Amino acid sequence: MPKRNRNSAILLIHCPDNKGIVAQVTGFINDNNGNIIALDEHVDRLDKVFYMRIEWELDGFLIPQEKIADFFSTLIAARYNMTWNIYFSDRRPRMAIFVSKLSHCLYDILSRVHAGEFGADIPLIIGNHHDLEPVARQFSIPFYYSEKNEDNRLQQEVRELELLKQHQVTFVVLARYMQILSSHFISQYPNEIINIHHSFLPAFPGAKPYHSAYERGVKIIGATSHYVTSELDAGPIIDQDIVRVSHRDSIDRLILKGKDVEKLVLSRAILMHLQRRTLVYNNRTVVFN
Amino acid sequence: MPKRNRNSAILLIHCPDNKGIVAQVTGFINDNNGNIIALDEHVDRLDKVFYMRIEWELDGFLIPQEKIADFFSTLIAARYNMTWNIYFSDRRPRMAIFVSKLSHCLYDILSRVHAGEFGADIPLIIGNHHDLEPVARQFSIPFYYSEKNEDNRLQQEVRELELLKQHQVTFVVLARYMQILSSHFISQYPNEIINIHHSFLPAFPGAKPYHSAYERGVKIIGATSHYVTSELDAGPIIDQDIVRVSHRDSIDRLILKGKDVEKLVLSRAILMHLQRRTLVYNNRTVVFN
Amino acid sequence: MPKRNRNSAILLIHCPDNKGIVAQVTGFINDNNGNIIALDEHVDRLDKVFYMRIEWELDGFLIPQEKIADFFSTLIAARYNMTWNIYFSDRRPRMAIFVSKLSHCLYDILSRVHAGEFGADIPLIIGNHHDLEPVARQFSIPFYYSEKNEDNRLQQEVRELELLKQHQVTFVVLARYMQILSSHFISQYPNEIINIHHSFLPAFPGAKPYHSAYERGVKIIGATSHYVTSELDAGPIIDQDIVRVSHRDSIDRLILKGKDVEKLVLSRAILMHLQRRTLVYNNRTVVFN
Amino acid sequence: MPKRNRNSAILLIHCPDNKGIVAQVTGFINDNNGNIIALDEHVDRLDKVFYMRIEWELDGFLIPQEKIADFFSTLIAARYNMTWNIYFSDRRPRMAIFVSKLSHCLYDILSRVHAGEFGADIPLIIGNHHDLEPVARQFSIPFYYSEKNEDNRLQQEVRELELLKQHQVTFVVLARYMQILSSHFISQYPNEIINIHHSFLPAFPGAKPYHSAYERGVKIIGATSHYVTSELDAGPIIDQDIVRVSHRDSIDRLILKGKDVEKLVLSRAILMHLQRRTLVYNNRTVVFN
């Protein structure tokens, strides 16, 4: 991961495709003395949508950081009908992790934070079981137990949302969290909730995908990280990967092999999200990696 | 592929799991002076089924080739309630290829036959379009045009089955053949018809999987080779593979990348089938590779 | 592969990194009414080199096709010290294929040309053995036999270079050609000769890599496509891929599995080269895919 | 991973290939009322070596556990000139981990132990730096600091070997341990020391493989787990895997991507070793998975 010694800005844009957008945006940064350190663009020719990620150093940039959004909006975004967001590297994202009983994804995330791979803070972990409370304690992260059942779900979500606000959480990771979130909850963090599903979607959505995979006799299993939308396991995919299996693999071995894929695919999605390399449009994810 | 200088026998077995089967089968071969050159076994502990593939050299084997089946049946198979088949390497399989318009799988198969990778003969190619007739001609293989529509389907299949019998075809390969075969046709070649489907099943069965994959925004696409059963795209899977894609890939590029996976996954399945490394049970395929 | 209904230009550039290059180049195209249909750029921060590939439609472009190079050179390239090339989609590349005895790569290439995957002509095939002459004949491509030994190598190369010139060959593919080309030959086609080496370089350069792989007991084998330079198997890598192997794989099976990787890795490199997606600098290849 | 409710025995064998070995070994177990639950065999036809792994339930086996070795040795092993080992599932392996500064492999191992994936105890961690002492403390495992330099190496190894004996360590894992062990140390744990090297060997042995990979411009990077022998990075390979990279990946990103491969490849090797699925012969590893 590139070291960021200096503060930089990242602009994520999508808009109807048009001539001259790249020249305009790079001109805006260039003319104000910004040094572009990364530029990715993509044109979806079918839907005629333009996507861009551009990152530049703020050191010496002529527009003060707090005014960049306003200037960009007025001078560029408005005339191209852009949907856009700007991020600054000196604002560290704050990630909440939701867990149930399985520890492999949680450990993978926490060990990366420890190693400095993720430039993010984890102010809290929320679990609907007590199983992973000791893991949270190992890493000195506050753990909140939030038991859920058919009756108390919405009520508990209210409390969880309060906790997230209280801890200024900017995005949420569901690390093999075996509960469905309500549409209301999801609407509070649009494209800011990342889930890992333990199959190569759209194959085997829903519960027990490894059992279904075994039953179907597939020769590959996989995992899918995606942004959560109100439709179950149908949100925009960020990353997927697979591993080969054979008749020798029992369901237990499928689960074991699958866990390795799950944790990598989830952690890679978190990294892409943290580095602001993802752009969602039409239920698909552009990942500039 | 190992050269087979001498004639060998391959026995494929499945039966209820039981103590002593391996000892019995290897004893049968050993006691009759057979030199075992490959042995693979697998026990499905969930369903309690035993699977075995055993290959031995016939040179010096005390039971004459034409009597092996009878002896094995009486001495071993009967008492373990075995389902089994025996194959001899001096009997070359005869493969019929069904095609439509796309040439990549056909070329891949024919170039392997040319290179001696497949120990099989191809007495005929059947197409429901004329497009690949020139390819058949390049390799001097008889091409039969068999146009199909809603009305003449069953009638045409009768003629096709006659052609297959006439050419002593032992198994059939559907090389991106875009027609559905009737249950009757399939029943004539149980677990002897191999199809390639252009997605990682069970994702995207049916028509236009690449369009669906694009629409869903997946990050991997794939292909699946399977034995054909009367349920569409639901037969026992022989092999699968995938390739990574990204937002940069248009539908045309998905199709292009997918073709590479399709041809490899189909040809690998043919090789496994030719080498008698596949065993079907409960709609799953054991592949001893 | 995207269909190109209209003529387009592709510009490949590398130069010392500098502020404003993207804005200048996109401005040049934009101001002259060119519609940019693809833009990729990369900055090597270690060596401070800027790389760019930009493609735009020539329909309506205000500078006539034959003057674009001159204008670009004067107005842009000179002031940024650019190394650059321009290609037009209405000029079809002409590919010569060099072969020895193995047919798998040759068939893979020819079947892609047949399927329209490669927008290129193949005016001739040159072989140092007669083995693949029938394959050339199948596809009605002139085959030249050019036997080589220690004594006549340079002499034969003179004749081969004449043949290439005569057939207006723009680039050369070594499709498992088992002869070493002289520095003089290579210098005539700098970064225009693509070779496939049957190992994941830098492991196992030179002869018999599968035997060495077997000997070393590796668990993966692979293939590497690269531009040929005067140092054997050390040219800039275009693509690599691998396949898993195990103790079950004899050398013959390694060779068989390897062939599948070889042909794909070579054909993908050819496609990248044909689409002008490759840029060589410092013995490394930028591949904009 | 299969649950082992009952005690089982695993026999690992290699010997000159011969007729009847499988029948003899399975007969020995069968005749004494053992229920075979797994059987894998392999014949290296080039070197004419026979390899076998066989596992059976001890419940009801007629030979007492402590006498099995003696009986097998006398009745079977001696007459086939076998090299063999027997393991019992009720004897838990004891693993020592050697570390330096990087935590990713260590966390991956410890999180698997936590999840019950490894049926092993970790009595101690030895580090030549203090960096990972806090990680050991998180998991309540004794950490021993063993600083090493040119002068004190052998002396320190004496102390380390004492620690291993004291803790009844049965095998050693080098989890990105950046020190070379002496031949004497290695000879104390033949084929019982597993190392992870951060390249796809034999490419890039020695120090700084990611820097070399970047320099060479490879399109894949990888990792190799192997048993340690006295020749550096040349021991028998247990597992390898790779990840695709591109010109976009700086050395820092290569290192980051590589870490994911390293930890999986090391942990998979440990699992294979723990399940007694590995057999070393002629500097190659048979892995029955």
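Odds and ends about this structure:
As written, the chain order gives the labels A, B, C and D, with residue 1 at the start of each chain.
FYI, a residue touches a chain if its C-beta (ideal position, glycine included) is under 8 Å from a C-beta of that chain, and two chains touch if they have at least 3 such contacts.
Here the structure is a predicted model, which means the values were calculated and not measured.
Of all chains, the one whose Cα centroid sits at the greatest distance from that of subunit A is B.
For the interfaces B-D and B-C, the C-beta contact count is higher for B-C.
With centres defined as mean CA coordinates, subunit D is found 42 Å away from subunit C.
In terms of their C-alpha centroids, the spacing between subunit B and subunit C amounts to 36 Å.
Looking at subunit C, one finds that residues 2, 45, 248, 250 touch two or more other chains.
Of all residues in subunit B, only 42, 44-46, 51, 200-204, 216-220, 222, 236-242, 246-248, 250-251, 283-287 touch subunit A in the complex they form.
On the side of subunit B, the complex with subunit C involves touching residues 1-3, 102-104, 107-108, 111-112, 114-115, 117, 135, 138-139, 248, 250, 252-253, 256, 259-260, 264, 267-268, 289. Remark: subunit A residues 2, 19-20, 22-23, 26-27, 30, 35-39, 41, 43, 45, 244 touch subunit C in the complex.
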